[in-house]
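Read from first to last, the chains carry the letters A, B, C, D and E; within each, the first residue is number 1.
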């Protein structure tokens, strides 16, 4: 029987993958995608909890999260494009103009 | 449903929309006027908030939105902060490649987000308000998109901000899972033993990670120096004043209103975070040669000081945070306005650029000095009384828990170290020989008034703390701390 | 309103007024501070004159609520201990304003800071509220840093500025924590000294608390007074400081720490005091002997004077550490006397520096011929520093030695030896090298202080020394009852 | 029918579904084939040419010949392409249109079976979800080709489809506002209603409900109830299917064929078929949403079939309507000039989206006034 | 896209066991695919090509939508596909195509960094699993009180959560302004 914990385990693992991606990736775009993974892990947990709690609050929250994520991605990508135009790179390691 | 409670926010958003519309019909050479309109509008809204009362909490939209003393206090705080920032941006306008109208509007929208954050009584509103602030700042940070530094700042804030958001959402998911509701005040059969629920605890911890990012507390502070340095100066100011305060109001609410038991459970962690934040900020600031970067580190340190109030977990501590923020508002507004004016040609913010500021404008030099002195926490300026209250709150806890004395020791160490780099700024202003710019600085009238306001605020909070302290103490009654 | 409020208020009001004076009107810029400090001085003399030695409690009291929720109030008043300090402070402030003519650039700012400092110093001595006590002191402290930084002299100015700033801030922060701890630990929930004293008289602080809080105050105040081994900021700072600043700080502001010990730490925490003052007794030997020896090795006149000033502080500490009526009275006298003395010495060396541009002892010589007035004044100051009878210092040091003889005889002997022998050696050697001997060619064009305005500050300070030296009862008569009151709570078992 | 009775409902369901899927696919694919032929014939007719007429009578076997040709041609893979994407893209174009087919009710009932492959409560949302995935095929094709024109074509199609998706989704909101209004919901809930077995437990987004709403009579068709929505949806459908006048992604004159430039043989055929399949599915959707679906207001054809024969008639009605719309698609292609790209985007964002929003508001006000 | 078919009205109760089995199968199917694709996003087989990551992310999202359906969140499943997979990810793909960044030279990952990253991620997962382990052992789902269809969700959204909803509208406006400001070539 599939229960709450099954879903949460999937969500936790997905979150972990996202964290791993953020830490490992040197490419801003892929880093950003890993962040999306993390958000989605949260969404899964929210939906699972929502089902478990027999309410719709969690689903409403997921709705907000998806909307916000869309807006965030739009702005973020515009920013990354502008950065690329200026510096010709999207490497995380190349963001070093302002070191001590 | 008394939706009219959220009228201040609606007014701010409406003002922003109005500005965007006006921007369409404003010829490019008159865009500066838009800023004046925004300032006037905000001034009106700020004045109007004084007709509101927060003594007994009122709720709207179910329990999602609360209007109590704390919310009202912070709403005024944010409005005032935004007012200073807008004045600053009117001076900064000619340094943007374009889109000053949008810049004003974005500031207003971020402001609305902060005001909603002040009233959040539900994780859903908390989340959307924080995101409204954060996303506005992604844009505001990188608004000088012809400057690599600005874009880099934006990108760094973006990645780390999104990371914090992810943690925040995940945390909210678990909090919801633990309590069964998104509200700050779970009511239900199992709402009493929430502090025992590991799921709830984990969720709360992750929510705090998200908030820790906003206030730049260790270990979520790494973005601050770069972003402070790279962003346009008004943005930096707003980041330092508004965003941080929004983080603190939410932190206070979540910790002491939503989960008081868990909060006390984590006392040692708070103390550790607080101590490390103070040390990191102050020690990191010492070798800095760039004013904005220095203020970035110092903002971390100040977050640490304010965390003293959180770690104290008492009403006195919370009131001290509010008081400290008040002083911080005037002080930073003054400092950044001066930086804004002093680095007219190059927005680099190198300390060397301040050399000879005294000759270029004695008034600005004196203002920046006052600001530094206030940041260092020296009487008779606002920073001193704030620190006094914070230390008092912590020492009070020390009576029962000697571990707090270590916190006091760390804070003292931090303050002494901080004097060094603040005085370095003063030194650069007054007795540094090499001068890069010599032209006298013209100060527009509005800016001059805003600077007068900042100085008056710093002095008022430092010299006559009674009224404001009473306000702060009234405001934190909403948190039900003892 | 109390006279004290005027005494504090005049300089502060003048400081604010100065902001509106255009910087081109240099005469007015100079006149305002002179006038303000002069009025303050006159008021202080009047205060001293009107003070009734026998009356119990504080006089010239005024109290205005400030922060009601924390019970902080603007509360001023003087007793025998502080009235002398207020007088001394006001006189030194006027003298400092007089000698500030050496400042040539950014005069307006300098005078503004000077007035702020004056107001702060006098306020600190007059405060009967722990918060304001600290507040006024800090108000005076910050201008010090800025004045040293901006108008200071010498190559190591920055280093000196930072050292003095960091040291003194650390000291004052320790004091602040101590005061807060006192406030919280006492349970009286008041920063008001009078009420706190009364409350603690009935419900004394637990010995544990006293033992914990007292060192905070002791070392905090100790750093402020350059207690050995936290003294290194003092000579460097005074060498770098502009004359007026050095006068005010070394003369007056530094006494704040001693005053704080006497006013707050001792009476409120007798158990802590008895436990910790033994340590102080040993440390002050470091002040007297070590710093005396260091002073002997100095090649720079101001460093020498600075070190000797640190050494003199040892006497004050010794007097306090003796915990006896005579000793504490002696400490009070030393505080006042040294205030005049330090201000005088730094004023004179400042004049020399202004004339010659150097204070290297090896480069000076034979100046008495060119500068008869300054030279003679310097001679008298040096002699006073050696503890020659006839000057107020003599009275203080004798009282301290007598007072400490009973409790710590070995230290008293060492102190006496230090005062008599070491001080005499370096003072007289400096006198010989600076004032006598051949006059180098380059100093042939020096001009003496002929203008009465130039002479006035030194005359005032010297007369202070001599008056209190010849009529010590003027001081001791006021200090002794106050000291007795302090001792009554601090060490009730002693007679 | 009777032989099936011993089976469990589960197995029955699976079996019937499979059957429906196979038949629907077959119909769709043959329609694709003959739509291509129809397009060519109609084009020829409009341009006063003859068109394909050699293979079979009136050229009816032409699609077969084309298919054989496409299959037998050498499967050329240019050296510079990104291999994996290059292989994936044509499939990605084809799959969504087949998926979208599953929720369109192409008839009332045959026996006990509803004539829809998946009777989803999220209904139209599913369609949009699937439509949203279509874009990947085109963008990926452009990306895979790794050369200039396909690249531009891919970008163009991506932007165009996303933009018009917004307009499209907004345009049909009023339709569902009408369908979801309480009065009509009450009518549906009425157990005595002939529609009840078909619509029990459905949400307003269910497409059969839309059909039921339109069954009320000729003027209940959404075409008349929501003319603005119809126009917006129709135009957006042209854009979504990359048909002229919105075929910017593959504009031959500008982009040498756009995203499919580097494709040949069966892969090219897949793109080609995908486009037509999209068109047919879009037509089906238009018929269902605006033209009364499988109903006709006459001859009692406006409620679910009671007999097998009527069920077949319903399917026939549906197909005829679809063919009519497909012909409209083809006709428009040869009547209208191509838009410029900026005009295309302006049309979506500055005309359609605001219009659709206004339409929603008007509908809301009208419903509220009732 | 697997759509969970609502049980027909005439379905007998005997069928529920089968349904359960089916659900179990679908759960594992989607869960495993989600994780596998998620892993491929992070550690894409063609390391130098971020486009591959986009596609795997899209697949992850689609599988997640499947899980949403299993959890009776139908509307969200649709939104997930339409908005997330269909629009947001296309933006990613666009940007990758625009910037043509696949030639980006990658410095080799150092072993320590790799190890550290794995360690941190592992620690977070461990923390999560500890919390989960401490929670009650796999509580089964109760029958849903309300289905996550469009109607109920819309009702909640527009009554209880109308304020956050409106705040989101401001947020989207901000995003629009921001993208225009950042993206335009030269504003005048």
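Basically, a contact is a pair of C-beta atoms (placed from the backbone, for glycine too) under 8 Å apart; a residue touches a chain by one contact, two chains touch by 3 or more.
Just so it is clear, the structure is predicted and the values come from calculations on it, not from any experiment.
*Asks:* Please report the minimal path length, in steps, between subunit B and subunit C on the chain touch graph.
*Replies:* Graph distance in the chain contact network comes out at 1.
*Asks:* What's the overlap between the neighbours of subunit C and those of subunit E?
*Replies:* The shared contacts of subunit C and subunit E, listed by label, come to B.
*Asks:* Going by the contact definition up top, give me the pair of chains with the most C-beta pairs touching.
*Replies:* So the chains sharing the most C-beta contacts are A-E.
*Asks:* When you take the mean of every protein CA atom shown, which chain's own CA mean is nearest to it?
*Replies:* Chain nearest the centroid of all protein C-alpha atoms: B.
*Asks:* Please name the chain that ends up farthest from subunit C once chain centres are defined by their CA atoms averaged.
*Replies:* The chain farthest from subunit C, judged by C-alpha centres, is D.
*Asks:* Per the centroid of Cα atoms for each chain, what is the distance between subunit C and subunit D, given in Å?
*Replies:* That gives a centre separation of 94 Å.
*Asks:* Go ahead and note the Å separation of the Cα centroids belonging to subunit A and subunit C.
*Replies:* Roughly 63 Å, centre to centre.
*Asks:* Could you tell me the distance, in whole angstrom, between the mean C-alpha positions of subunit A and subunit B?
*Replies:* Centre separation, subunit A to subunit B: 26 Å.
*Asks:* Between subunit A and subunit D, what is the gap in Å from one C-alpha centre to the other?
*Replies:* Here subunit A and subunit D have centroids separated by 33 Å.
*Asks:* Could you say which residues in subunit C touch two or more other chains, in rising order?
*Replies:* If we look for residues of subunit C contacting two or more partner chains, we find none.
*Asks:* Spell out, as numbers or ranges, the residues of subunit D touching 2 or more other chains.
*Replies:* none
*Asks:* Going by the touch rule set out above, which residues of subunit E reach two or more other chains?
*Replies:* Residues 75, 79, 87, 94, 98, 128, 132, 135, 160-161, 164, 168, 171, 174-175, 178, 182 of subunit E each touch two or more of the other chains.
*Asks:* Could you run through all the chain pairs that touch each other?
*Replies:* Those chain pairs satisfying the definition are A-B, A-E, B-C, B-E, D-E.
*Asks:* Enumerate the contact residues on subunit E facing subunit D in the complex.
*Replies:* Listed in rising order, the residues are 1, 3, 5-6, 8-12, 14-15, 18, 49, 51-52, 55, 58, 62, 65, 74-75, 77-79, 81-82, 85-87, 90, 93-94, 97-98, 149-151.
*Asks:* Using the touch definition up top, name the residues of subunit B that touch subunit A in the complex.
*Replies:* 123-124, 127-128, 131, 134-135, 138-139, 142, 145-146, 148-149, 151-156, 158-159, 162-163, 165-167, 169-170, 172-174, 176-177, 180-182, 225-226, 229-230, 287-288, 293
*Asks:* Would you tell me which residues of subunit D are touching subunit E in their complex?
*Replies:* Against subunit E, subunit D makes touches at 8-10, 13, 82, 84-85, 99, 118-122, 125-126, 128-133, 135-136, 139-140, 142-143, 151, 154-155, 158-159, 162, 165, 169, 180, 197, 200-201, 203-205.
*Asks:* Which of the residues in subunit A end up touching subunit E in this complex?
*Replies:* For this pair, the touching residues of subunit A are 1-10, 12-21, 23-27, 29-30, 32-34, 36-37, 40, 43-44, 47-48, 50-52, 54-57, 59-60, 62-64, 66-75, 77-82, 84, 89-91, 93.
*Asks:* With touch defined as at the start, can you tell me which subunit B residues reach subunit E in the complex?
*Replies:* The touching residues are 3, 6, 13, 20, 28, 60-62, 64-65, 97-99, 102, 105-106, 109-110, 112-113, 116, 122, 124-125, 127-129, 131-132, 135-136, 138-139, 142-143, 145, 174, 197-199, 201-202.
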